[in-house]
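As written, the chains take the letters A, B, C and D, and residue 1 is the first residue of each chain.
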Amino acid sequence: MNASSGAEPFLERLDRRWIFLTLALSVIAALLYEPVFPDRPGELVRPIFDRLESLAPGTPVLVSLDYSPSSAPELEPMAEALTRHALLRGLPLCYLSLWPTGNNMAERLESDLIATEHPEAVYGRDWVTLGFQAGGELLAHAMIDSLGSRFLTDSRGTPLKEIPALAHVVGLGDFGLVVSLSAGTPGLKEWVLYVGDAGGIPLAGGCTGVGAPQFFPYYPRQLMGLMAALKGAAEYEAALARVYPGQVPEVMRATRGMGPQAVAHLVIVGFILLGNGALLRRRSGGSAP
Amino acid sequence: MSPGLALLAAVTAALLLLIGRAIVLARRGAPVEVRPLAPVAAVADAIDSAVAAGRPVFFVPGSRDLDNMQTVAALSLLEQVARLCAEKGARLHVPVNRSMVMQMARSTCRAAFEAAGRGHAWRDDQVDYISDDPLGFVARVDGLVERERPGACFYFGFFASESLLLAEGGRHVGAVQVAGTASPVQLPFFVSSCDETLMGEELFAAGAKLSGDAALLGSLRGQDLGKRLAVALIVAGVALASLAQAGWAPAAAAWRVVSGLLAEV
Amino acid sequence: MNGWSVSTSLEVWVGALLTLMVFSFLWRDNPFYKFAEHLFVGVSAAYWMVVGFWTTLWPRVVVPLVPGAVKVVSPEAEAGPFDPLALLPALLGLLMLCRMVPRLSGLARWPTAFVLGTTAGYTVVRYVRSDFLNQIRAAVGEGVLLRTPDGRLDTAESVAAAATLLGTLACLHYFMNTRREGRVSSPFARLGLLVLMITFGASFGSAVMARISLLVGRLQELMGSWLGLI
Amino acid sequence: MARFQPRHLLAAVAVTLIVAAFVAPPGGDDPGGPAAFFAFCDAQFSSWFGILAVFAFLLGGVSLVGTHLRRVLLRERDWTYSIVTLVSFLGVLVVGLAKLGGAPGLQGDPFAPDAWLTKVFDGVLSPLHATLYSLLAFYVASASYRAFRARSLETSVLLGSALVVLVGRIPSADRLTAWLPADMAFLRLEALSLWLLKVPNTAGQRAIMIGVALGVVSLAVRMIAGVERGKGGLE
C-alpha cells in the first residue's frame, strides 16, 4: 500500500516549511490574542452533565483522581468543572484516588478552586477527601459493598461516620455518580471492569486524548459518559457556562486551552483540503496553479 | 491452579504446539505457499536504488532493548538486510540506542557479511551506539540522515513517538522508507510517512519471507493456524452469547460458565 | 497582551536557547542544531549511565557483594549480609564485557543467550494472556444480540457489535501469511485492509490534539516565562 | 548430547520461564519444592536483565567515546561538535558518579534537588526533551498534508476517517452537519466521528493485537527451536 510518493506539480510539492511557518504563527497568535471558540456538549459529555443536573441536592458524587501532574493539563480541567457543578447544585463531593499523586491533585483542587471560588463551602459537608490508597482495581471492587472497609477515615483522620457528606453512604452504589479521571493504569478501565460491570453502578469517565480510543467501545453500555481530552472538558465547561452564567468563570481553563488547539486543527485541515484540491484540479485536466 | 490459569496454559500449549508442528512439517518438505508482502519486496528495491544513487542505507532496530520481542524481530530482519547490503555493495549504517542491541547488531552484521563472502567490507563502527535516551537518539539520527542523505531507511522494531520524528526526517531527504512495528498507536504515523509499512504481525513474518528458510516459512503457517483458532473461538463465543441473549436457557448457563472462566484469565 | 518582561534566570535562558536551537532544524540543518544535537547525545548518554549505576549496579551488585560499601553512601547505615546470589548476574556481566577482549569475545555469547531466553520466556505468556485471550474475550463481548436494561433489543448497539465483529474477522483474514494455491487475495481481505485504513486515519486524527498541546506547552514556556509576553 | 551451546541456554531459560508462569504464578503463595526453583527464576531473571544492561553500558560508552574521539583526531567532518559530545558526556558522567553538588562525598541521593545532576536534567535535558516532542506538531501537519490524498481507495478511506475525526475536534464543528434530518443523524459529524473511533478503530486494533501475539509466540518458538535467523549474536 503506497501512501505518499508519486511526482505531482506545484501545490503537492509545497515546501513543508510553509506548513511549519503557518502552524507556528497561528498558534503564537492564538496564545497572544486568546480567541474563545464557543462549544456545545457532545453526545458523550451531555449525559454526565444531565446526570448531575438531575440528582437531588445532598446526593454525594465520587470523583477518583487517577492521574499525575504530567496529565493534569488534560484531566484537571475536568475535575474543576465537575467540582464547580457539584458545589453549585449542593451535591457533596468525595475525592479519592488509585494513584499516589491523587492526594496532591485533591489539594490543588481545594486550594486553587474551592477556597477561591467557593469560600462558603465547608469541608466535611460540601466535600471530603479520602485520598490515595494502594490496591488499584481490588480497592475499587472492595468499595462496592462498603466504602468503610478500606477507608476507615478521610485524609484528615476523621472517621467516616462523622462526615456529613457521607452520612447515607455505605457502598459505591449510594453515590449519585462515580467518575474516574484516568491517565493510565490503574484507571478508568479497571473501574469499568471491576466496578461498572460487577456492581451495576452508574460510571462515567475522563481520559487523555491518547487513551480515548480504548474507552469508546464501553459507551454507552458500561460507561454512561466520557470526557475525552481537552475537548471533553471544554464541552462540559460550555454546558456549565450556558446553565450557570455569572456563577462560573467567564472563560474556564479547557475552553481557553482549546483556542490554540482549534486554530491548529483548522490549519491542518486546511492544508489537507488544499493538497486534495490541487490533486483534483490536476486530475480533472486543469493545469497546476 | 485456578481455572483461568488452566485455560491460559491450555491455549499457550496449543499455540506452541501448532507453531512447533508447522515448523517440523515444513522442514520435512511440506510446501508452504506464502502471500507476497509488499514491504518485503520493497526492502531489496530500496537497497538497489540506494546503491544506484551512491547513497548509504540506514537501519534503525527500534528504540528499546533486547527485553522487547520487537527488537529481536528487528535484529532478524537486520541479518537479511545486511546480507542484501553485502551482496549489493551498499554502505550500511545502523544507529542504535541500547548497548546490548549494539553488540548483537554488530555480530549479526559481521556474520551476514562473512556468509556473503565480504567479511572484509564490514567495520564494527558501522553500528554506532548513540544514547539510551530515545529523544537524544532521534535528535542525532535526524541530524545524521540530513547530512549523509541515505537512499534507503528501514525502521523496524518498537517505536514510541520516535516513529514520526524519524520517518519525517528520512522523507525530507527523499529516502525510500520501509517501516515495521507492532504498536497500533505508531502505525498510522509510519503509514503516512513511509513508502511501505509492515503492520503488527507482519513485522514478525517479514524476516521469514525475506530469508525463504523452510522452517521459518513453516512458522508462518503456524501463525495462520493460530489465527484460525482465534476466529473459531470468537465465532463460537459470539454464537453462544447471542443464543444466551436470545433467551435459550442451556446456552445462557453455558455462557455464564464460559464468560466467568474468560474473566479469570 | 502585556508588555515584554524578559526573564533574568539563567536556567530559563538556557532552556529557551536550546529550544530555539532545536526549532532551527525545521528551517534546515545548521551549526546551532548540530551543537544542541551533540550536547543532547553527550548529556543524555551519561545521564542514563549514571541512573543505571546508582539505581541498579550499586544496590543490587556492589552492596550485596561488598556489604561495607553501604557506608560510603549513608555512613550511619548498617552493613547488610553478604549475598552470594549477586555473583550470578555479576558473572554474566563480566562475560559480556569479554566482548572487548578479541581472544575471549566468544564468551559474550552466553549472556546474550540468557537475555534472549528471558525475553522469549517472559513475553510468551504475557502476550497470550493480554493480547490473544483478552482480545478474543473483548471481540466476543456479550454477543451481537444486546438488550437494554429493560429487556428490549438494543438495535443500535447490536449493529455496532456486529460491525465490530465483522471488521475484526476481516482484518484477521487480511493478515493471513499463507494461502492455498492459486487463490487470489479475497474481497474479504480487501475489506480488512480498508478497516485498517479507517483505524489508522481515525487514530492519526485523534492523536493530533496531543501533539499540538506539546507545541503549545513549548511556546507558552518561550513566550511566558522567557519573554513575559503572555 | 552435543556440547552445551549458548542456544541451548536460551531454550532452557525460555522454557523455564514459560513453565514458571503456571507452576509459580506471581502473587501466589510461596510454593515449596520444585516450584520454588521456578518461582526463583521468575523473580530473579528479569532483575538480572537490568543488571546486564548496566554492565553493557561500558561497551556503549567505549563505542561512543571511540567514535567521537576518532572523529576529532582525524579531523573528520563536524569534528568540532564531537568535542561538545565528549566534554558533555565525560562531564556529566563525573558529576553524576561523584554526586557533585549534593551531600559531601558519595553520600546522599544522586538525584537530590541540589545535586548538579538534577540541575543538568532540569536545565538541559528536559527542555531538549520537551522541544523534540513538540516537533511532532509540525511533522503531524506536514505528514498529513502529503499522505492524506485521495489517490487510491485505501488512501481515500485513510483521508476520510482522519478528516472526520480532525474536524470533529474543532469546537462546535457539529454545526456543519446539524442540518441533516433526524433519521440521518448517524451521518452527523459527531456521531460519525464517535462511530469511527468505536467500531472500525476497535476492530482494527483487536485484529492487530491478536496477530502480534501470534507473531511473538512464533518468534519465541523459532528462538527456542534454534531455527531463528538473526542469532548471529550466538554464533
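Note that in this section a contact is a pair of C-beta atoms (placed from the backbone, for glycine too) under 8 Å apart; a residue touches a chain by one contact, two chains touch by 3 or more.
None of these values were measured; they are calculated from a predicted model.
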| Inter-chain pair with the most contacting C-beta pairs | C-D
| By mean C-alpha coordinates, which chain is most distant from chain B? | A
| query | Using mean CA coordinates as chain centres, what's the chain A-chain B distance in Å? | reply | 36
| Taking each chain's centre as the mean of its CA atoms, how far is chain A from chain D in angstrom? | 27
| request: Return the distance between the CA-based centres of chain A and chain C, expressed in whole Å. | output: 24
| Chain centre separation (chain C, chain D; CA means) in Å | 2
| query | What are the residue numbers in chain C that touch two or more other chains? | reply | 22, 25-26, 34, 36-38, 40-41, 43-45, 47-49, 96, 99, 112, 115-116, 118, 120, 122-125, 127-128, 132, 136, 138-139, 146, 164-165, 168, 172, 175, 193, 196-197, 199-204, 206-209, 212, 215, 217
| field | Two or more partner chains touched - positions in chain A | value | 1, 3-4, 16, 20, 23-24, 27, 210, 212-213, 217, 231, 261, 264-265, 268
| remark: Each of the following residues of chain B touches two or more other chains, namely 8, 12, 15-16, 67, 69, 72, 100, 103-104, 130-133, 135-136, 139, 147, 171, 184-185, 187, 189, 191-193, 199-201, 205, 220, 223, 227, 230
| said: Could you list, by residue number, the parts of chain A that touch chain C in their complex? | reply: 1, 17, 20, 23-24, 27-28, 31-33, 73-74, 208-210, 212-213, 217, 220-221, 229-231, 257, 260-261, 264-265, 268
| field | Residues on chain D engaged by chain B in the complex (per definition of touch) | value | 18, 22, 25, 46, 49, 52-53, 56-61, 63-64, 66-67, 70, 77-78, 125, 128-129, 132-133, 135-136, 139-140, 142-144, 146-148, 158, 204-205, 208-212, 214-223, 225, 227-233, 235
| task | Enumerate the contact residues on chain D facing chain C in the complex. | result | 6-7, 9-18, 20-22, 44-62, 64, 78, 81-82, 84-93, 96-97, 105-108, 110, 117, 119-128, 130-138, 140, 144, 148, 153-155, 157-166, 168-169, 195-214, 216-217, 219-220, 223-224, 231, 233-235
| remark: chain A partner, complex, touching residues on chain C are 1, 26-27, 138, 146, 154, 157, 164, 193, 197, 202-203, 206-210, 212-213, 215-217, 219-220, 223, 229-230
| field | chain C partner contacts - residues on chain B that touch it in the complex | value | 7-8, 11-12, 15-16, 32-35, 66-69, 72, 100, 103-104, 130-133, 135-136, 139-140, 142-143, 146-147, 184-185, 187-189, 191-192, 199-202, 205, 209, 217, 220-221, 223-224, 227, 230-231, 233-235, 237-246, 255, 259, 262-263, 265
